[in-house]
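After this come two complexes, each holding chain A, first together with chain B and then together with chain C.
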Partner chain A sequence: MKSLFRPAQPTSPAVLDDHRPIIRSLQRRGLIRGGLSLGALTMLTGCDVSRPAAVEAALRGISTFNDWFQQQLFNPNKLAPTYPASMVLKPPRFNAYYDIMDVKPVDGDTWKLELAGLIDDKTPWKLPQFAALPQQDEVIRHICIEGWDYIGQWSGVPLRDFLRRIGADTRAKYVNFQSADDYPSSLDMATALHPQTILATSYAGEPLAAPFGFPMRLRTSTKLGFKNPKWITAIEVTNTYTPGYWEKAGFGWFSGI
Partner chain B sequence: MASTPPPKPAATRKLHPVPIRVMHWINAVAMLVMITSGWGIYDDYVIISGLHFSHTFRLGSWAAESLMWHFAGMWFLVLNGLAYLIYGVFTGRFRERLLPIRIGELVQTVKDTLHFHIAHEDLTHYNAVQKLLYIVVIVAGISQVVTGLAIWKPVQLSFLVPLFGGFQGARIVHFWGMVVIVGFLVVHVALAVLVPRTIWAMLAGGPRVGDRPRANKVTP
Partner chain C sequence: MLLRFCFAGLLLATSAALAQQPAPAGMSLAEAASRRFPQPVRVGALLHRQVLQPAESQPTLGWVRAVVRQGDGSLAVVVAYGGVRGVFAHPIAVPVEAMTLLGQYMEIVDFTPAQLNGFKTFDPAGSQPLAPDDVIRVGLARPSH
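Right, the complex of A and B next:
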């Protein structure tokens, strides 16, 4: 007998494509939940095949302490080393939680940057408005949590200039980002105000190419690579902590270098 | 009648005083955590192409978990190691146990070992090879902390990075430091198993030894 819940029309495969990131995150969550259930099971049987809850809690506790410790170590005036333009890797190295073939390019004409939270003027911004502001160019090292690195030349509007221009409350704790590839990210305010943190719109003197975050991505010289969201669509200034994509999976939040 | 007690014998100390034993076993656990979690981190971007560490020996089911272990273990390794170095220098233990190393003695010990004359009768005396190996592993441990800091904080502690020829240089030295420590560990554990009295000595303190000849003359 045909199930009552089966739709009359079969679902279009395009729907699956559109929601791939959500499906991935659900699968990941399922994996984490599965891991937790396995942990609970080992507690019942009294043998420690994976990480028992007490060890898990201790590791999380030290990780939170490490986030705090790194914030104390962070010097807001310390500039990262910069390099000659001859060392710049062209094109930059692609990296995301999906393959380069799955990049969904963003239309720069219809793109706008939404603003939310503790900001005086929340009018969305269009791309040409950023081009009219003073730009900053920097040749800095990108270091991935995996261990690889490369030198890139990024330019765009310094985030601190932009935050002041829109009347953001810079005493708030966090600057959060939303992106077109469903990759939320959370930055501490001290890093957001660092002189080498920019809303990058160009690479090696050319507009950003689609796979590297066109039209706008974050580049900060004092964080690991995964803390630099690409294809940014919204910025929120807030005192509420929201973990980013990889933080939910277990990477440390501060991740300063 | 009440006669004065006989003069105390010189042998009042145990070979491994309590602080040494506590620090040794904390270090043993911390080192194993750092090595096996490091293998979990290494795999995402290998240094020697084709070299991977089996999941069986990795701490953490994937990089994020291994990193969490590594960044927790580092506190135990560094604080315990610092206490050990301070203790070793200020009590004179390093000077007493690890110095001097004479080249002639070194060559003789290597010859004896090659002829399977492995003398481990006297636990209270280290031969020249032992002394050298302990010094090498202490230096490797210090190097691991310095390269680790260069990799962890290449911007905040940017002065450390050029010492190793750049960020990847620091990673490579960090990797080889691990190899040296693992190599030491294999020999150290093998010899301890061959002479189980050494393991018991590190648990219970071992034989009593005479007072340090120059203990009260030690200047930092």
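Right, the complex of A and C next:
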């Protein structure tokens, strides 16, 4: 017997091909991964799936809702669990969107951190200036969207202290990052001001090694691993949303833990 | 979190294998290893680590039993290889340059399982095990999935 819910016109499989990149990225996010199929896609849109724009809008809408919902749940004062130093993995786990052999080390002597956007003092910072600031040490769990995790010990300047020092407008919505490996990323201001969000310059008591982000990377305890850019070269405070490397591929922007 | 792990497992189980970047053609094991940013690691931290094949499904090849200095001065990782979940495994000595660190795991990136099947069973005579506090350098890998 034909289902009452079956569309009058059969769904064209071409709709999956049209949206392959966004579906592939959404598949990595778990919830949709188990059930995404041509039929499920039809239900997601609730409209004419032969119109690619409608399908994409529906998928983007779900992702945007996820981001908004997570932002509402986020408690800016709640600390993530910390662990004893004996549990720290040495060395940490390497990950990037390219192979280890393609890592291009950054010269700490010539490196500088550029500042842009809603910041009073945009003078670039050099590495020794960061070393002179009060440091914070934290042993936290790194959780990757791929399903693996490890406990790491990171030290550096709390991002909120740095933002206040340079006169950033902390009422702005976003803190964007640029990196030497062309991996843009963006944080909500609440996460940027979270007490466990730091500009890390050392790991397990040693300066960061080249493949882990020397001279500076972000470490925040409240986000998935891909929200922690390495080899940071610039920080921008802004009210304009700019998608990061993986967000352009369809990953959720907020990506809280 | 649990959901995320479950779905990740589903993905791993159903995805096609993708090889980790092995030594480029014409490059020696040592040259390739030097380009994997070798990191210092305590021998004791390597013992009992699971050894994976660099494929998307990450099959287990064995477990680290020891790190030894061989008669020619080279370092090798003794891996309890093969068998079924470690039962009937036999030790083989894999050059440290052919192995990488993948977080809490190690991988053998420059030999396929077919090649490892041809390795002789490790004979401890003529080699010296390193102490747990000795530090060696091992290259890195990124996840294969």
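By definition in this document, the second predicted complex is superposed on the first by the 203 of 257 C-alpha atoms of A that agree within 3 Å, B and C clash if a C-alpha of one lies under 4 Å from a C-alpha of the other, contacts with A are read in each partner's own complex, and residues count from 1 in each chain.
By definition in this document, a contact is a pair of C-beta atoms (placed from the backbone, for glycine too) under 8 Å apart; a residue touches a chain by one contact, two chains touch by 3 or more.
Owing to the predicted nature of the structure, the values given are computational and were not obtained by experimental measurement.
Of the two partner chains placed by the overlay, neither chain B nor chain C lies in contact with A:234. Of the two partner chains placed around the shared chain by superposition, neither chain B nor chain C is touched by A:204. Within the superposed three-chain model, A:166 lies out of touch with both chain B and chain C [touch as defined at top]. Within the superposed three-chain model, A:256 lies in touch with chain B and out of touch with chain C [touch as defined at top].
In the superposition on chain A, A:80 makes contact with chain B only, not with chain C. Look at A:95: by the touch rule set out above, it reaches chain C but stays clear of chain B. Once chain A of one complex is fitted onto chain A of the other, the partner contacts of A:127 are absent, as it touches neither chain B nor chain C. In the superposition on chain A, A:148 contacts both chain B and chain C. Overlap of the chain B and chain C interfaces on chain A: residues 143-148, 257.
The touching residues of chain A, when paired with chain C in their complex, are 27-28, 30-31, 33-34, 89-96, 98-101, 103, 143-148, 150, 209-211, 257.
Contacts from chain A toward chain B in the complex involve residues 35, 50-51, 58-60, 62-63, 66, 73-75, 78, 80-81, 141, 143-149, 221-222, 246, 249-252, 256-257.
Interface of chain B with chain A (complex): residues 41-42, 44-45, 61, 63-65, 67-69, 71-72, 75, 152-156, 158, 161, 167-168, 171. Note for the complex: chain C touches chain A at residues 1, 3-5, 7-12, 20-21, 24, 32, 35-37, 39-42, 45, 100-104, 139-143, 145.
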